[in-house]
Structure formats: C-alpha cells, structure tokens
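Which chain is which? They are A, B, C and D, in the order written, and residues in each are numbered from 1.
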Amino acid sequence: MPEDDYGTWSPGRVEELSDGVIAIAITLLVLEIGIPTIEETSSDHELWSRLRDLWPSYVGFLISFITIALFWMIHHRLFHRLNRVNHQLIVANMALLIVVVFLPFPTAVLAEHLNHDGERAATIFYSGCLLVGVMIFSFLWHVAKDENGHLLKESVSRVEIAILDRRIRRSVVLYGVAFALSFLIPLLCLALLAALCVYYLLAPHALPKTQ
Amino acid sequence: MPEDDYGTWSPGRVEELSDGVIAIAITLLVLEIGIPTIEETSSDHELWSRLRDLWPSYVGFLISFITIALFWMIHHRLFHRLNRVNHQLIVANMALLIVVVFLPFPTAVLAEHLNHDGERAATIFYSGCLLVGVMIFSFLWHVAKDENGHLLKESVSRVEIAILDRRIRRSVVLYGVAFALSFLIPLLCLALLAALCVYYLLAPHALPKTQ
Amino acid sequence: MPEDDYGTWSPGRVEELSDGVIAIAITLLVLEIGIPTIEETSSDHELWSRLRDLWPSYVGFLISFITIALFWMIHHRLFHRLNRVNHQLIVANMALLIVVVFLPFPTAVLAEHLNHDGERAATIFYSGCLLVGVMIFSFLWHVAKDENGHLLKESVSRVEIAILDRRIRRSVVLYGVAFALSFLIPLLCLALLAALCVYYLLAPHALPKTQ
Amino acid sequence: MPEDDYGTWSPGRVEELSDGVIAIAITLLVLEIGIPTIEETSSDHELWSRLRDLWPSYVGFLISFITIALFWMIHHRLFHRLNRVNHQLIVANMALLIVVVFLPFPTAVLAEHLNHDGERAATIFYSGCLLVGVMIFSFLWHVAKDENGHLLKESVSRVEIAILDRRIRRSVVLYGVAFALSFLIPLLCLALLAALCVYYLLAPHALPKTQ
C-alpha cells in the first residue's frame, strides 16, 4: 500500500465536493424566508406592508448569499495554488463546509429577530458564525502554506505568500471588528458586514489573487 | 503575480457553478406547495377539491420552472460564446444567480395569494422579480459584448451580435409589458408569462442561437 | 450562424443537468416526512408508536426514491444511445424533469392520507403522476428513435430498437394497470408499484440495456 | 446487444451521482433545526437561552454531518479500488444512498427528543440507522471484493484486502456497540458516536487507505 494516504485526492476533487456543498447551501437560504399567508393579509395593501416588513429576511439573505459566494471565490483561489492536499487540509476544509452549511440557521435567526428585542443576541450569533468561518479560512491557509506539507505549487512565490498572509489577516480583523460591534450597536455591525460584501465584490484585488 | 486576476476562471467553471445553483433552485420550487393535511380533508371528495384549489401553486410552479429552465438555456448559449470572463461578468452572473435563487419566494407568495385579495400585489412582486432577472441577463450580455473586455470568442460575428442584441432587447420589452399588465389585470399578466414560456419552448429560434 | 441550433448541446451535457436535478429531487423526499414533536409524545413508548404510525411516509419515501432511481438508470441508458439531441428531445426531457421534481408533492400527499379517508384520492393522484412520468419517457424514446431526427447512434441495431420498444410499451401498460387499480383497491395499487420497484431492481434485463 | 449490461457504467459515473446525493443530504441537515420565533423570545436573554436549549440539534447536526462526510471519504476510497461495477454493486450502492438520504429524519427526531422523555427511543432509532448504513457499507465491500465479480482492480493485493476486511468488520462492531448502548444509556451511545467521528477524522489510517 502506498505511504501517502492522499495520493489520489487531488485538490480538484475536494474542490468539486466543496463547490457542490456551497452551491446547495447558498440555494437553501431562500427557504428560511417566511411566506405571508392569506390569513395574515386580506388586501393588496396588507400584503405589500407584510412584504416590506420582511426586510430583515432580505438583508440576511443578501449578506449570507454574497458572503458564501465570496467564500467560494476565495476557496477557489486558494485551491488553485495547491499541488496536493493532506489529511489536515481535508479536515480544515470540512470544518469550513460545516460552517457554510450551518449559515442558513443563524441567517434565519437574524431575519426573525432583527428589529425586535432579541436583535443584539441574533446579530452576535450571526456575526460570530461569519467570524468563525473567516478564522477557519485563515487556518486552512496556514495548513496550505506550511513548508513541511509541500502543498503549495512551486510557482507560488514568497512575495505572493506574504501578500496573501496580509490580506487574510486583514479580513480576520475586519470580521472581528464586525463581531465586536454586534455587542454594542447591532445595526452598525450589519452595515459593516454589508459594506465588506460590496467592497470585496467591487475590489477583487483585495482578495487573494488567482494564480 | 499575474496581472489578469481571472486567468484561471474559465467560462466553463463559472457555468458549472451556475448550473448547480440553477438545478437546485428549480428543484426547491416544489417545497413551497402546501400539502393538504388530514385535518382539512375528511374524504376523497374533499382531498380532490383541496388538490384542485391548489391550482395557483401549480401555475406558479410551472411558470417558474420553465422560466428558470429558459434562463438556463440562454445562460448556456451566452457562455458558449465567451472566450474568457472578467470580474464584472462574474459579479453580473452572481446578481443573476441571486434572482434565480430568490425566485421560489415570490413564486410561493404568488401561489398563496392568487385568487385572493392580495392577488395584484403578489403578481406585481412576482412579475417584477422575473423582469429584474431578464434585465440582469441583458446587463450580462452587455458586459460580455463590450469590446474593451475582449470576452467574446473571435468567431462571433457582428451580424450575430446584432441579432442577439435585438432578441435580448425584445425579451426585456416583453417581460416589461407583463410587469405593467400586473398592475392592471393580474391574470392577464400571468397568461402572458405562460405564453412566453410556451413561445420560447416551441420557437427555439427566438432564443439566442447556440454557437 | 450555424444552422443546427443544437450543435453544442451534446447528450452528455443534457444528461449532466438531468443528473443534478434527479439527485436533488431524490434527496428532497425526506423533508416531507413529518417529525414527531415532544408535544405529541411524552414517553419512549409514545415515540415508538408515532414512528410506527409514520409507515405510510416510509412507504411513499421508498417507492418514490426507487422509482426516481430507476428513471435515472433508464434515462442514462437512453442517453447513451444518442449521438446528438434536438430541440424536441430537450423539451421532452424538460417535461420529464418537471414530473420528477414534482414527485415529492404527490409523495407527501400520499404519506399524509394513506390509511385515512382520502386514501383513494391520494393513491390515484400519486400513481397518476408516476404514469405520466412513464408516458413522457415513452414519448422521449419515440423522439429519440425517430428516423428523421438521426439522433440515435448508428451502432444501435433495428433488433435493439424493437426490444426497447417492447420493454417501454410494457412498462407503460404496467404503470397504467397500477393507476387503474388505484380507483378500485388503493393498497393493491401500491403493492404493485412496490413490486415493480423490486422487479426492475433485481431484473436489470427488463430495463433497456446499456449499450 | 452486448452481454455485459454495465459496460458503460464506469465506477466514476456511479461515484459522481453518489457524490451529488451525499452533498445534498449533508446540506439538508440544517433545515431540521427549528428557528426560535419572536413569539417565544422577548429579549436577548431569552433568545440566548433558546439557542442554548437547541444543543441537541447542534449535536445531531454535527454527528450526522461528520458521519456522512466519513461515509463519503470511505465511499471514495472503495470506488477508487474498482475497475468496473455490476448490477449487485449498483443495488448495494443505492441501498446506501437511501440510508444517507434518510438520515436527516432520524437526526431531527433525535434533536427533538434528546433531553426529553422519548430520548431512549430517539437514540435507538438514530444509532440503528447509522448501524444499518455501516452494515450496507460492509455488504458493498463484500460485493466489491467477490472474486467472481472481478470488480477490484488487479493492483489491489490480498494483504490490502485483508486489512480492509478487518477495518470494515471493526467499524461494524463499533457501531453495533453504540447501538447496544442506546438501549441502556442513550447519552453514552451519543458520546461513543461522537468519539468515533473524532477518531476517524484524526486517525485516517483507521479508514481504508486510498489506493
């Protein structure tokens, strides 16, 4: 039997499964938006106001959708730098997938309690889950770049690694700030999370570059 | 580091993720059809009448299913004309996926309120979401054909681009008319949307051609 | 522009999307099984009896799962005989996918009403949906084998086509008999549907052969 | 017509469908976690305590997620040793997928009844489903290694087969012990299942090796 237990686990294969799981998690988000029933709304006017009252659900849906999509883009970029994977990386990747798959739950909790009394708790819970996701990403990167693992492609230069280090550290700090804000002013925390979505979408250079 | 941030983002890869997301969104539609419970129906006769009363759900399910399937076919045809993708196109594609993933929600709202007092609001909301989807498609096409982006394959001729322009503009107009109708006569709006489904299914030449 | 609108729609690609949709529909079936709540069950004994009372859900889950899986196997075998696809075949395939995606709904209706007063109506509805699915399969095969379409690979012999004809016609008859039985003795209809599952699973030669 | 009915069913293709189904089942687990409503919780404090009370849901989610992920890893390793598949293997694989797809249901039952009176029944049901899954894996392996089937690649040595035999037998015993424990001390059963997750994640050498 070969010594290397992961000889046939190409980065591409792990990436494919991750893609599948991410695509499904991103799609399930919509199921958590509650549908206004005919019992609650007896006119066009009431339905419009009910649909308007659902804005926290739309906010949660959008932030979670874009954040997971960004995770997907960063995931793709990290994996394109890999030559091979090892067990530690697979476990880190699984931890990341657990957070991604779990996200529809804190999103629904946020949507239900935003603008109500449990708003602070829901925002702490939600931004905390996002922070955990970003931290696992950071861990994944540390496993990937570890010199003893020889996982990175040889073509990835030291300069590039340093840039990635800085960018990933910065995103941990930014999501950490959002998490801290959730304890003080929940809406400001969400505004920051939304701003991060817009920023990373419009400024691709702030993300780790594709190789 | 390479200058082109999207060197490895082949159109095929973006298409694959889009395919996955579209396949899931199309399948989730059925979950929004409410199941008649044994409490509501105490005989075969009552169950039949309950199943008949669910016709708005079937209508919504069918229009949304076919519309998303048409989106998928057009998406496939646009992407087959691409040589490479850029960040702007990826963002436009993500906006399109957000609308597709969101569609089960307006579909469920429509199914719940069709034939009831909130019918007009629900139809406006539903046809408005479809119009937004078609408009994002139009935007995606404009990003794709932009000469500075050099995204289109060289084999795509000016004549072909002009034909596509005309077809995509026409579909924006048609879905715009359906949206306008929803304010006046909601059922006529739905009849038009259903007619568009049948038309595009049976007349493939009205869609952008495959290359 | 090329004349053949489907030059790039290889059978493989249509098959991939179908595989995705089928995999998702098969997985969603479990969501329709109602979970016994702690309000209903205050002891181990009550939970066991509640889990036992859910047998119609398990029956529906199993028959639908295996039937969709069989559809998938037959679908795979038909598509492996194709050289290319045309628009008519894509529309037929989409009709088939609509039925597959819709199946969790009649399955849930059956599970809810089996062993209650609406049993007959639910069984008619359920077996009717399966029959429609089988009939669309039959239509798909007729489109595929149509000589003017030149869709079949040249290697498919006349003898083979005749065998497939007979097998597909027989399955339409068998599901038609099950549908007719549902009007008379619903449980016998389900027994026949279950027997068909077992038969096709254990006797692969009754299915169209792989090429 | 060729004699071998499965000539074109490469292991890769069956693996792909299985991957899709497993990815979806793993993602659906989150939908079974009940979302605390604003009616139940009128303050941050109450929401926190409600989120804390949901710990059985988190435990169920985690154990099921990791167990399905392990199934996926073992599945991958078995299929990489296969040269071809036969009908018996496809049926065994389908039986495995049925269990995987069904798992969100016992997981939800466990989450609902853990820490309540139906705890024992729910744990027996849950660990029983896992045991059935492991036993089907064992059966799958026996079909795969059967000498008359010639399914294994020639490169798989007798020593390797013996090691796999031992490992798979041991996992059946371990999940059997967990099942037996569920009748006596449900929480100990769950602790063992969680320990098995951690053990297999951290000790990849206990799993069948990749070839």
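Assume contacts are C-beta pairs under 8 Å (C-beta built on N, C-alpha and C of every residue); 3 or more make two chains touch, one makes a residue touch a chain.
This structure is a prediction, so every number in the text was calculated from the model and none was measured.
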| item | value |
| --- | --- |
| Mutual neighbours - chains that touch chain C and chain D alike | none |
| Equivalent interface positions on chain A and chain D, same or different at half | different |
| Distance from the mean Cα position of chain D to that of chain A, given in whole angstrom | 26 |
| Distance between the centres, which are taken as Cα means, of chain C and chain A, whole angstrom | 36 |
| Two or more partner chains touched - positions in chain B | 20, 24, 28, 31 |
| Arrangement of touching chains [line / ring / star / complete / other] | ring |
| Residue numbers on chain A that touch chain B, as the complex places them | 19-20, 23-24, 26-31, 33, 35-38, 41-48, 51, 61-62, 65-66, 69, 72-73, 76, 80, 157, 159-160, 163, 201-202, 204-205, 209-211 |
| Touch list for chain D against partner chain C, complex | 1-2, 5-9, 16-17, 20-21, 24-25, 28, 31-32, 87, 90-91, 94, 97-98, 101-102, 104-105, 108-109, 112-113, 116-122, 125 |
